[in-house]
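Please go over the structures that come below.
The two complexes that follow have chain A in common; it is paired with chain B in the first and with chain C in the second.
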Partner chain A sequence: MLRVFQSPPRLRTALRHLSRARPPAADPQPWFLTNPQSGALSRQLHVGADGSRSSPAAAAAAAPQRLPFSRVTVEDLAFFRRTLPGRTITDPDLVQSSNEDWLKSVRGSSEVLLRPQTTQEVSQILSYCNSRNLAVNPQGGNTGLVGGSVPVHDEIILSTSLMNNILSFDNISGILTCQAGCVLENLTLYLEEREHIMPLDLGAKGSCQVGGNVATNAGGLRLLRYGSLHGTVLGLEVVLADGQVLDCLSTLRKDNTGYDLKQLFIGSEGTLGVITAVSILCPRKPKSVNVVFLGCKTFDQLLKTFQLCKGMLGEILSAFEFLDSECMRLLNTHLKLPNPISDCPFYIVIETSGSDSNHDSQKLHNFLEEAMTSLLVTDGTVATEVSKVKALWSMRERVTEALTHDGFTYKYDVSLPVERIYQLVTDMRRHLGKRARSVVGYGHVGDGNLHLNITSAAKDPALLASIEPFVYEWTARFHGSISAEHGLGLKKRNYIYYSKSRPAVALMGNIKTLLDPKGILNPYKTLPDDLRRT
Partner chain B sequence: MSGRVLVGVKRVIDYAVKIRVKPDNSGVVTDGVKHSMNPFCEIAVEEAVKLKEKKLIKEVVAVSCGPQQSQETIRTALAMGADRGIHVEVSGKDYETLGPLQVSKILAALAKKEDAQLIILGKQAIDDDCNQTGQMTAALLDWPQGTFASEVSMDGAQVKVVREIDGGLETIKINTPAVLTADLRLNTPRYATLPNIMKAKKKKIANVKPADLGVDLTSRLEVLRVDEPPQRQAGMKVETVEDLVEKLRDTGMV
Partner chain C sequence: MLRVFQSPPRLRTALRHLSRARPPAADPQPWFLTNPQSGALSRQLHVGADGSRSSPAAAAAAAPQRLPFSRVTVEDLAFFRRTLPGRTITDPDLVQSSNEDWLKSVRGSSEVLLRPQTTQEVSQILSYCNSRNLAVNPQGGNTGLVGGSVPVHDEIILSTSLMNNILSFDNISGILTCQAGCVLENLTLYLEEREHIMPLDLGAKGSCQVGGNVATNAGGLRLLRYGSLHGTVLGLEVVLADGQVLDCLSTLRKDNTGYDLKQLFIGSEGTLGVITAVSILCPRKPKSVNVVFLGCKTFDQLLKTFQLCKGMLGEILSAFEFLDSECMRLLNTHLKLPNPISDCPFYIVIETSGSDSNHDSQKLHNFLEEAMTSLLVTDGTVATEVSKVKALWSMRERVTEALTHDGFTYKYDVSLPVERIYQLVTDMRRHLGKRARSVVGYGHVGDGNLHLNITSAAKDPALLASIEPFVYEWTARFHGSISAEHGLGLKKRNYIYYSKSRPAVALMGNIKTLLDPKGILNPYKTLPDDLRRT
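Now for the complex of A and B:
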């Protein structure tokens, strides 16, 4: 493994170099100048006399220095152009959008964007890059929220966008096999015509690609009902760092023959291999879908409603989401979406999916009657028609969008014991006081997953310093996860220790070295910087 | 005045559903497809309920003509605040040929029977886009009509209606009893809240047959064929400006 941060003095020099606003002309513009979350860097980079950094938070968020990978040469470009004629993009205007993430919070300086169409091409590219020691950034729909999908420096962007063929679909077993670049929404539309649906659904469905979903072990709105990708993915085809094609594209529901290798790649965020094809188990399309929008006075009542839901709706429950009154205020103000019911401190979106509308509406009716007479719920509305269902879901799905209109957003995605979820929001509000514009909580409460978002008028390093590491320490105190479904990517790689032990992370490092000895796959991401020191 | 308002609500294929034409081109596929209340009828119900909340009228009666499933549509109107419903049973062949002329005859008969002060309908249905029922009903009853209403206010025994027309807005004052048809901007229909959904289950829906009203359902129209709009041709990408000019010349556009 390459060792850069070998001794404190060298680190000190490196960090001082990075803190200067004007980089040397030879280097492309460092990403962190556009990365709001490391705004803390320039302000807090005070180095003590003993060489130690005075702000651990700043160091964690600091830009990783470029590792000594090779730089792309004219010969390299010639090879790429021979391998991918017409699909080797070097025009800066075209590469630009792939260099920046969806939140516009991080930007790399890659000069090469490759668009393979087949697994064979991916294999040839990786084999070549491995021999040349060129870093590669696999990229799907580029909708990730932790800066994991875009280059940090000049890594070559390997896009799966043109690998969008559906390979097969078995109507009896519901098993779909497709290339990694298929857009999630397109897959759902394809499946809907064949009486099935994808087992996952998320707000980014119009842009995200299934390979990226698998690489990040995406959760989403249907996890409560259909489980995680670790369960629904039956097989993967992965190209390893040296170009070797690992064909684990099984379509079997049960196969206990040796170690289940695909599990390593699910959630590996492109650091262990490039996923090129996926086979996934798809559920039947429900004949009857109902969405209920409820209002509760307290979070405790919300949790009791959840228990009641599980008891009375049981197997037809397919989603249980919540948002708070602050989220509703943002939806009203910025997106002009009216509140479907009266104002309440907490709102719940419940979805049921089943095969018999009479059976489901009867169960739903009983549940709603019970919820109302027991006063757990103060108000609510129900939708069965497609258009109304979409309208109610948008109250939950568009909170992210409403936040972008409220100012600069600090996003946190944590897993906590379900009874503690809202306490983090109230503690954070008290902790920040008037310094933040909005502090909102929403998310997959059914899965114990909170999306905590804070906004300020503009990016504010002082505010960020108040939020982090407070939020991570709070989460760690209750043995939660500092990243429930968004992954670590670039932004959270150094916070891994809040949720995983040192021996566990060390073993992850060993696996990384085994599968990618030169570290060319998505460097600077997922695993903490200090692994490279050991 | 009776203070009673009749609101017509039509059960149509939900506007978010993808429509498919039957293989024999005789119509669109309706079996197993999600149906819901016509969006303009929702606006009509909302306006009627608003008038009742302002105490300008006393009772809202929701009416629907169609098969058994039309009762669901009436229930939705009841959940939004209508007081009771009337289901005019029309099924089978009669339902397939049911159109504005037949429905307006039914509504006219009911209006007389129920001594209605106002009939509020949606301006058109999203399945046939006829935009005829309101106008025909008014003609059959010889009542004034305020169509494409974007604003309605009661002034004693008169109704002031602001209508959306091609050139802008037209304000008229008409006597009651009258027929109004709702346009998009009249109001934003409310979501039916749980307490009202529960109450709606207990409200009455009366069952009536067209024959009881003395209405003949024979249609004078025959649908010959239903076709999908022509497929949109895929676009073409060119590499350079020269290519573009050449293609434009080839297709005779330049």
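Now for the complex of A and C:
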């Protein structure tokens, strides 16, 4: 059962039963598979018959023209078959699933899927493609959200799926080395048997591959605690566009010999090289995990609660997530999920993980008592069983699902200085007035990462035109990022200037040219179209 | 007083008195000021009259020839004086201290020291110098150990010392933004008043500047806990060689819009651009800090203790350092520091920091009890007062000072897979036999970072020739780094191939050419001479 507290005495009773149960595994069914916007975006991007094309938003998202790469010939196929016998796939039915993203929002027309097993094979393929001027689309688990993982036109799909060997694990240092195609969940299971965890966790972990995680600089649920991949990835092996193997597969925590080249490839979305192996620092598996659900009257109180939490939970804090009352309304209405506490304008989900369950419970108790007595938090509950812990987490995790039942959804994923994140929701609500059905905000307070979602009865180009310049300009005004964790890929490539200066984007273009002079690697992605034209 | 324990009952007594005192500030007197090797190295590098020059080690370290940069003219000085009135220094006495490094091991012959206050001024200077083909040596606190921070010939010294303003601090997110010339200790004091700390701490903190810390990817004492600057630095403002200002001064924890350009400049030692401002994620100040000193019979037991420690101290572990019995002998002999516990082959210094002193003490108690009863640790002590905590830390921190009294010292700073680090000491001892006076090992177990030191009665080119190919080859054989945290600078630039592949070094050269086509920024540093010749 859930234990609800609304006053210090009830709180104390609840805390006596504080659960040490593990939190649920991340939702195995990613939300984006059920997002109705996806199909519409697909049409906008690839069919181009949408009336909204004339809007700046549609123009920026429009699919780029095919660049003058060579087309695959019979001789090319013969080379691929000699190099990858039995792993050169041309059966259209088999290639099809690799042509389309999980969202079913973007579809390419590649006719060749290559499945190398070794770095050497990747090197041979790229060397050949570069000499032949054949475009290549590197692909991991194909779970990206911005159209970065599938071909736009007829790029050859280079899948890392068969490169799934764990190369080494050092139990003393916690350093794992593996091929890029290892599925995140498999790595997690492997490490759990060895009392470690991966430093990142994602909803898509059952399919996504570590090479893709690194290529997209995936954020996920553990970033607040363990930091970004720029800190936890210790080494990479990368095959460059010309087939050259760049061995930066260090397994050292410290190495100051020259420029840290591997950093370039983290978050470059396969446009600078193909990651073939990864070494990564893995934390010890926590012995104790707790989850609580709290209510606040104002966002300012929520931020003060976050500060208190950082101070009192300190080193055991592993998640600080929020949702607003509009999210709760959608959870109640569309999914029939009851509010586990009394109605509040804002809700918080806090997770702790540590090495001593008694200490963690006591820290949580002290924090909750202080938060309640200082009136920062008006209500709260602590789950005592695994299933109830899961139920609390689902209030945060199923918001996206609830949104899909509310109408056509416009989704944004921005990061901002944390004190600003809810102001964007309020301003957007005021800006759109009655034109929107719902304007809701939720996300990762600890990371300053807001998921802003707007619904309407049906797709509405006029509404989109009201949202899109506004949301990006608002984000840019406060020096936010228009893509906090999803990357730019195909869909957001032309919005880059909202978050990056022209000199910075120009330098990115120069680095692309340096590493991939013919531009064969994941063309049409990450960098804006104007850069390719210059 | 120090409380010594040698058996579980004594341990329990000691633990009842477990101190919650703060650890000492890092030694304000950096060891390298008293290192007698420095002068010798200086002669080898700059005078070049040493007989050992014919050895590979000496050849690699030899000072490079001046490249054909322009020489500063009267017109140039007039421009600098107009741009930086009163901050263009040409008085030889005043320029002198900026020509020489802290070690007094490397000396340049610059005649101009520029002290800009703003990014715009840095931009004007670099734009001018680039057009005039004048070489520039960016300089922070000038505390580096590899000759990277001073001119080699007559490069103009561009000091960031007057760029010392804190630009913003967000108490909710813990994100600090400041100019590059802020001294680390000043930032620490500023943050401590706001209940935060810098994520790095160094012996040189009284002089070193955060811009230099970032430019050299400084490691230091907190890396085990808070990770490297590649993870904690959120944004940089950099002026490129041509004067262009690259604004990547994000204050966001998440931003996946294009390539993460700032990463290129972290650890590039001022060769790719001049860092003018930094934003960095600062942890909360811990409420409780504890220090213990332990003894082990074997290095294998020391590693097992480290594993136990990671599991039982978990999230509160903030340092795990070691020294061997040879270090203890030198401390006893030369500094008259008594061993706080009984004689052991290996000693460990563990520091914890956390948000609840009772919890931390209890975790430490449980860990120590387990370590003692399982016979991993044979003896140990816990300090109860600040001065005694300081005394325990000094057993680790004063090893370098003790070495200076033991004779001429050959110093190496390598990182290796943690299970290998002491094997290098043993192998070196066997390899050198009686030719060395002492061969000692100490360092950061948690980071796999070994400080290997060898002493002899006097400088001995034959001994050096026995050490230097051996130590680098040994490190390379186990994929270690020949410079764990000090960088390459001038002194180690030609050893880069021991830790990096030729394709990687060639790519570094291409990146240098892309960002600084004329090579005016910190020439002769970081990249090997053969790259400049090609």
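By our rule, the second predicted complex is superposed on the first by the 434 of 534 C-alpha atoms of A that agree within 3 Å, B and C clash if a C-alpha of one lies under 4 Å from a C-alpha of the other, contacts with A are read in each partner's own complex, and residues count from 1 in each chain.
Just so it is clear, a contact is a pair of C-beta atoms (placed from the backbone, for glycine too) under 8 Å apart; a residue touches a chain by one contact, two chains touch by 3 or more.
Since the model is a prediction, treat every value here as computed from it, not as a measurement.
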Chain A contact check, chain B vs chain C, more residues touched by chain C
Review point. Between chain B (first) and chain C (second), which, if any, makes contact with A:85: first, second, both or neither?
Key: neither
**Asked** So, A:514: does it touch chain B (first), chain C (second), both, or neither?
**Response** second
A:387 in the overlay: touching chain B, chain C, both, or neither? Say first, second, both or neither.
first
Note to self: If we overlay the two complexes on their shared chain A, which of chain B and chain C does A:377 touch? Say first, second, both or neither.
What the structure shows: first
| query | Is A:261 contacted by the first partner chain B, the second partner chain C, both or neither? | reply | second
For this session: Report for A:245: first if it touches chain B alone, second if chain C alone, otherwise both or neither.
Result: second
Could you say whether A:485 touches chain B, chain C, both of them, or neither, answering first, second, both or neither? second
Residue overlap on chain A between the chain B interface and the chain C interface none
The chain B residues in contact with chain A across the complex are 14-17, 34-37, 39, 188, 191-195, 197-198
Per the touch rule, the chain A residues reaching chain B in their complex are 293-294, 338, 340-342, 368-369, 372, 377, 379-388, 390
As the complex stands, chain C meets chain A at residues 170-175, 195, 216-217, 219, 223, 227-228, 230-232, 244-248, 250-261, 263-264, 266-268, 272, 284, 286-287, 303, 306-307, 310-316, 354-356, 359, 362-363, 415-419, 446-449, 479-488, 492, 495-496, 498-501, 503-505, 507-508, 510-511, 514-515, 526-527
